[in-house]
């Protein structure tokens, strides 16, 4: 395909976003992965690079999914999927698990989101004022507690509406918490200026990315 | 000796006070014993009557002192004496240990005191305003946290001054906390009326006890 | 001799009153005291407030208790999930009250109740809908919201092993809310998979000391899954 | 490969700065990180604030650190005890600051720092000299006092067993303040009696998960008692 056609944009799929995030996680970090694309990140961290995955339900050292037939019914992650335990893992109770989260001990949390604003606000748990029974789970604790909050999401909605915005329209999960956003199109850092584009996928230019974004984008200084 | 002479008062010694308290502790209670006379209480609870003694430094199920030569240097009580562990015992950390205390889970705490007032105030940690470096330890937590606070002490000072008073003169450990006082002369309950005398030692009459006490005494209703 | 084992579900459930606040251990299906929830269904108490992470799935257990209109109010972090059909129907019909609490705040409020802490300042939910109307305060340059202790009348707990003193261990991720709920209720009732009848658990590995436990019912897992509980 | 073991006391103590707040585990002599305290004495940091249950005894360990005028301030529950001669001399000479905290409040303030709780309402000390000047509030008919989190720059911890991930267990009553102090400092340094070199501790019996631990030094007990520490 010719390089100039829109179809040549090498947008990432869900695993592509997860793999891109995995590249930025060094050995030795303690990391919590939210539901959705974030959960896929673990699959892209090589087992020999020791990263300790934490799950809200009191598991440190979450390992890969078990083989079919080897499922342990007592061992699930926060997404309620069966998992395994890696060497060095530990079981703790819920108050201790959230002491880890709230107490700023996690090096990183990766969450999905509906919207991220240029001031670092994140909305990822409820879609409107009427949705009073939305499930917040541990997202608010994770968003304020981890040393770094990164978001993994599609750059726009299925209808093409931007998810990176000036101000969130959905109910907030936390204010001013997001440090980085990894989308199918780009990797952006949130700075006092706003969204700074650190990487774009092949075939995409800055103006195209700006048109898919609901807030001003900046080049790195 | 004739029954009427003052010398015939069968005042209790320290072990006598401890033994009297031990009689009132039923099987199954969780009990914290302070330093001094209270610590002796455990010796007077028969081993077949299962009482679980708690120590602030994270021990549940404190047992008798070890035999000489069988001292375990890792196992002490809050008075820093070597102890043993009884069946059913558990080790916990300090925050969990004081969660037990503050959270109202102990059936009983027995403390020593300098003074107890008729309103249940207790003073047991510092003797004056100048004594700014006094050691409070866990006494304040125990006094407010246990379901029942009993005090074990001599009825008067060595100089004959009353320790049961209208208002404490020493710095308080807790206000309105004491339920019962066991002394070398009597056992008294603290009620909305004040000190009610439930028992006196043999040879002592109510008027004599009143003269040794700095607050009004009452008969049971 | 101290012996917290009870012989029947009826004995385990005795005295639970209408209007009680009931703390339910478990996260999803794991660590949930399924047999005791069935026992509570049979016991009959109503007008309950249930504190749990989830609002039940399918038509069994907590969902069944709600379906029978025995739950007036639920306090949880994750009400709507796959299979939460009973909750959703009751909620949209206005037949159940809901208090949503962030999961860590829920855990800490329960832990505070057990530890004698009346209230605490947490950074979670500041600036969000769930902090609206709550006292906020800036401490060392950061804003915190005041949350209060959440105590229960009854806690239903699933343990892995228990001894006659009520000392408990849990299995893997089934630990979750169980240890903190055990500390926060006036009456803590435990179902355990295994019992240490001849002696006691090792003092270094006990997660919940017996001081927090009132009654223990032995519910071997096979019995529980095949028959829905020992009395079913 | 994650490996939190360090090979020398110098490596264990690297970077501790003047003016640090140092949390010292232990209750009396039990669970006290004696070798690490000796290491801190050798390391040289001064103008320290020490948080510990006791204020040292005799002329070794914490007492020695104070005697060398390296401790500006001590926060503890039980300053004056048999043998606290160095503390008493410094205190009556006005050469050390003292903050007395009830033992349970001390433990809870440390735990709060590790758990991201900025402050909490406790019933302890209400109506006493130790609550004077502090915010008080009636909650559900009872009066509570507001206490704030107490964080450290450095925690010195004594463990029984440690693995390369920094997971720890403790021995009997040597557990005491160690697990909560491990959670509450920017830099947590551990001395351990035993190491699990070939693998890792059992996940059900770990008391302190490695996430709280930065450095582990292997200090077998005999070495420690006979020689005053591996580098002494």
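Chains here go by letter, A, B, C and D, matching the order in which they are written, and residues are numbered from 1 within each.
In the analysis below, a contact is a pair of C-beta atoms (placed from the backbone, for glycine too) under 8 Å apart; a residue touches a chain by one contact, two chains touch by 3 or more.
Just so we're clear, the structure is a prediction, and the values are computed from it rather than from any experiment.
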According to the touch definition, list the chains common to the neighbour sets of chain A and chain D. C
So which has more C-beta pairs touching, B-C or A-C? A-C
Name the chain whose C-alpha centroid is most distant from the C-alpha centroid of chain A. B
Report the inter-centroid distance (CA atoms only) between chain B and chain D in whole Å. 30
State, to the nearest whole Å, the distance from the C-alpha centre of chain B to the C-alpha centre of chain C. 36
Distance from the mean Cα position of chain D to that of chain C, given in whole angstrom: 34
Give me the residue numbers in chain C that touch at least two other chains, ranges are fine. 108, 111, 115-117, 122-123, 171-172, 203-204
Residues touching two or more other chains, restricted to chain A: which are they? 85, 91-92, 95, 98, 101-102, 145
So the touching chain pairs work out to A-C, A-D, B-C, B-D, C-D
Please name which positions on chain C make contact with chain B in the complex. 1-2, 111, 113-117, 163-165, 167, 183, 199-201, 203-204, 206, 209-212
So, in the complex, the side of chain A touching chain C is made of residues 55-59, 72-78, 80, 85, 91-95, 97-98, 101-102, 121, 126, 132-141, 144-145, 171-176
Hey, which residues of chain B end up touching chain C in the complex? 27-28, 30, 50, 52, 54, 60-61, 85, 87-92, 95, 98-106, 145
What part of chain C is in contact with chain D in the complex they form? 108, 112, 115-123, 139-140, 142, 144, 148, 169, 171-172, 203-205
Chain A-touching residues of chain C, taken from the complex the two chains share: 27-31, 77-81, 87-88, 91, 98, 100-105, 107-108, 110-111, 122-130, 170-180, 207
